[in-house]
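Next come the structures, one after another.
Shared between the two complexes below is chain A, which has chain B as its partner in the first and chain C in the second.
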Partner chain A sequence: MREKEELVMVTPGEVLGKASELKAGRGAYVATHNNTVYASLTGRRSLNPPPSDSPDKVPPPSDSPDKRPTVEVTGHKAHGAVPVPGSIVIARVAKVMARMASADIMCVGSKSVREKFSGIIRHQDIRATEIDKVDMHSSFRPGDIVRASILSLGDARAYYLSTAKNELGVVSAESTAGATMVPISWTEMQCPLTGQIEQRKVAKV
Partner chain B sequence: MEFVSPEGLRLDGRRPMEMRQIRAEIGAVSRADGSAVFEMGNTKVIAAVYGPREVQNRSQQINDQALVRCEYSMANFSTGDRMRKPKGDRRSTEISLVIRQTMEACILTHLMPRSQIDIFVQVLQADGGTRSACINAATLALADAGIPMCDLVTSCSAGYLNSTALLDLNYVEDSAGGPDVTVGILPKSEKVTLLQMDAKLPMDTFENVMQLAIEGCKAVATYIREVLLENTKQLEYRRGV
Partner chain C sequence: MAGKSGTAPTTYSPSPSTQNKKRRPIFNDADWVRSDGRGFPQCRPAFLRTGAVNSASGSAYAEFGNTKVIVSVFGPRESKKAMMYSDVGRLNCNVSYTTFATPVRGQGSDNKEFSSILHKALEGAIILDSFPKTTVDVFALVLESGGSDLPVVISCASLALADAGIMMYDLVASVSVSCLGKNLVIDPISEEESYQDGSLMITCMPSRNEVTQLTVTGEWSTPKIHEAMELCLDACSKLGNIMRSCLKETASASQE
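What follows is the complex of A and B.
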């Protein structure tokens, strides 16, 4: 909620206010030596008053940190999306191995990423039920487009993904004949050209 | 040779405290995340910034901040005679290091851990003050790329010839053999991030020359801020905001 839309444009290094009155949000930083908030990006300055979630009976003390509004600078260049634990991503399966499948994350939420991120779906994260009886090759094949959620930042090489929900799993896949398959149930997809049924962990749309 | 005439005019008609005409353009390289062309008189420099992006060489990855890399090169056609080896020679390596350290001082690297920011600067036309023009171009390119900085870095050079302090030396004045002081500052806090001089100067003269260069830096900073604000307004009009 914005109380007033500021039409002030700032460049890096410009003073936005004192740290005792403002909190530094995105695009701003606090210089510790003189407790001033400066801008770090070029763009429009906007003030966001803090959300009031406490009951209005007792006004908070004047130097409580929650009372300060946050000042932000929105730049014009949008950075590519970065996966965050808990977000839903669209990934393409690259390799299917005995205990995991590796996938390249292409979209985070509704935004596509600038450069691909690597993700791994471990065999215990494919389904919610009967996770010890999972067969990797009847869940995913290389080239499938899956909707997954980010479990965690993972290790140095890849994010950890999970498809263990009804609405997560294979969204689109190509059959061996080359046609886009139609989902039949949560474990099967059928090729429209040949009628062949293939096994996948299908997402419930 | 006389570099300052008795009337007080330099070889190109400027006064001793006058800078050359500066011109900047943002967004020249569309593929880069941020780019800028910066001209100081006849010196023309183009800078392109890529980043923050994933570190290409895993062994150089820093876990709590961004890695800043810089490469300075001169085009073969930038000087009078065609250059044989535009990059990799000692001068280019030194200037690359200098620009990297200067820019690293102002980028808030702790906000982008495990990533890499590449700054490529190329001199298209060299007429003295290439180091300063490169730093100014790199600042504009970084601001265009939206990389958070604590302040803009601007740079200017000054010298001392015929007992006069001269601002913004061109190639002829630079190769005269007199001292050449290059200063890079953060204009809002007036903190110095770069200070280089070749040759010797007595201390009080040095203070005058350095103060002159700092004034030049502040003038460049005012111009750079105008260019950035104008560019942002243009982008907003185009987006229909």
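What follows is the complex of A and C.
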């Protein structure tokens, strides 16, 4: 199909093509009753050709891969980001308790959220090693900025977050003197003004 | 629009009983003319615009004759703690009138019945799986009530949801019809609504040809209902095209 690359705006419910010719990507869906691909967002339609297997120039007819291009709709205004399991978020620690810390999610990936979502970092999700010896107050303090990954949707109250990787943990913290501390190891941060060393679960940059 | 609203009566006073009695038989004649000069199957002129409220994720403003409606959409945002856990998203709707919306100055009421009707009309069209555990709030405010308020609210709300980037199966268009004697009057104004024998409202997704809501009140015969539904569905598909052009205009402007 010779689809000219022009700026085509679509609205929800517009027909994008047949399901036998197109695969529905983001912003599109397949209606199973008539095998039609519709748009579900307002935005620009784009066609992505299928990934071609370059060594397999002549595919065997019995094992032919899916040759359909993927159609996507890029929203002109994406709504505020919604946390999904597996994504990396930036959160601010709100409260530290004996077995968990509550944090407010501020960014999902590189997109900020319009209104905060609550997250919980549980005792067993702080680091991958020596889980039994984790001390909550040696890992986080209220006001710290942490990078975490979303484990699951959690319960009705909060998403479950995890910092059990080297790249996850506290990325920014303030000392009691009010200065932003410098990470010096994976468990310690130092205040540049007073030289005071505080314990944190530090993220590897 | 300004000239037309100037000619149309913006303030309505209840007529004396003698005038009321005299006026009543006029609607039964087959050749009576509507007070704003429209034909029976003709809708009022529609003015639609998105992006009316800055602080909302999506918003839309709609004018149909004298009916003026503004809708704001917030979210997806966190559900309240009292809510149970849900794998799919939630939709909250609230329809309210301003104190100056009706000819008789009122308290500015939250309309519970309209809110539940709006919720039922919209939830069939929204892909709720795309935002699990979160809530989308829709607030509709009727600035002026000029007849057929609820269909205008529903159409404007679906426009606001599309503006907010909520994934939907299709836009939602809504039109109502009034039965006056032998005649079917589409998109009635307040005066026609007060004299109607029955009313019918259809909410449908025009591209997929599916009905999400059907409300019938008053006295109807079966062929009359069928005729009214055909009239409404035809008007809904035309309204859907107007809504699409409005969204494309806004989206193209933001792309530049």
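Note that the second predicted complex is superposed on the first by the 173 of 205 C-alpha atoms of A that agree within 3 Å, B and C clash if a C-alpha of one lies under 4 Å from a C-alpha of the other, contacts with A are read in each partner's own complex, and residues count from 1 in each chain.
The definition used in the following text is that a contact is a pair of C-beta atoms (placed from the backbone, for glycine too) under 8 Å apart; a residue touches a chain by one contact, two chains touch by 3 or more.
Note that the structure is a prediction, hence the values are computed from the model and not measured.
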First, second, both or neither for A:Asp155, with chain B first and chain C second: second
Which superposed partner A:Ser40 touches (first chain B, second chain C, both, neither): both
Touched partner set for A:Ala203, first chain B, second chain C, both or neither: neither
Dominant toucher of chain A (residue count), chain B or chain C: C
Touched partner set for A:Glu14, first chain B, second chain C, both or neither: both
Chain B versus chain C as contact partner of A:Val146, first or second or both or neither: neither
Which of chain B and chain C A:Ala31 touches, first, second, both or neither: both
Touching partner for A:Gly75 - first (chain B), second (chain C), both, neither: both
Residues of chain A at both interfaces, chain B in one complex, chain C in the other: 9, 11-15, 27, 29, 31, 38, 40-43, 75-77, 79, 114-115, 156
Chain B-facing residues of chain A, complex: 9, 11-15, 27, 29, 31, 38, 40-43, 75-77, 79, 114-115, 156
Chain A contact footprint on chain B (complex, rising order): 33-34, 52-54, 58, 106, 108, 143-146, 148-152, 186-189, 224-225, 228-229, 232-233, 235-236, 239
Complex contact set, residues of chain C against chain A: 57-58, 75-79, 81, 83-85, 87, 127, 130-134, 162-171, 205-208, 240, 243-244, 247-248, 250-252, 254-255
List of chain A residues in touch with chain C within their complex: 7, 9, 11-15, 27, 29, 31, 38, 40-44, 75-80, 82, 114-118, 153, 155-157
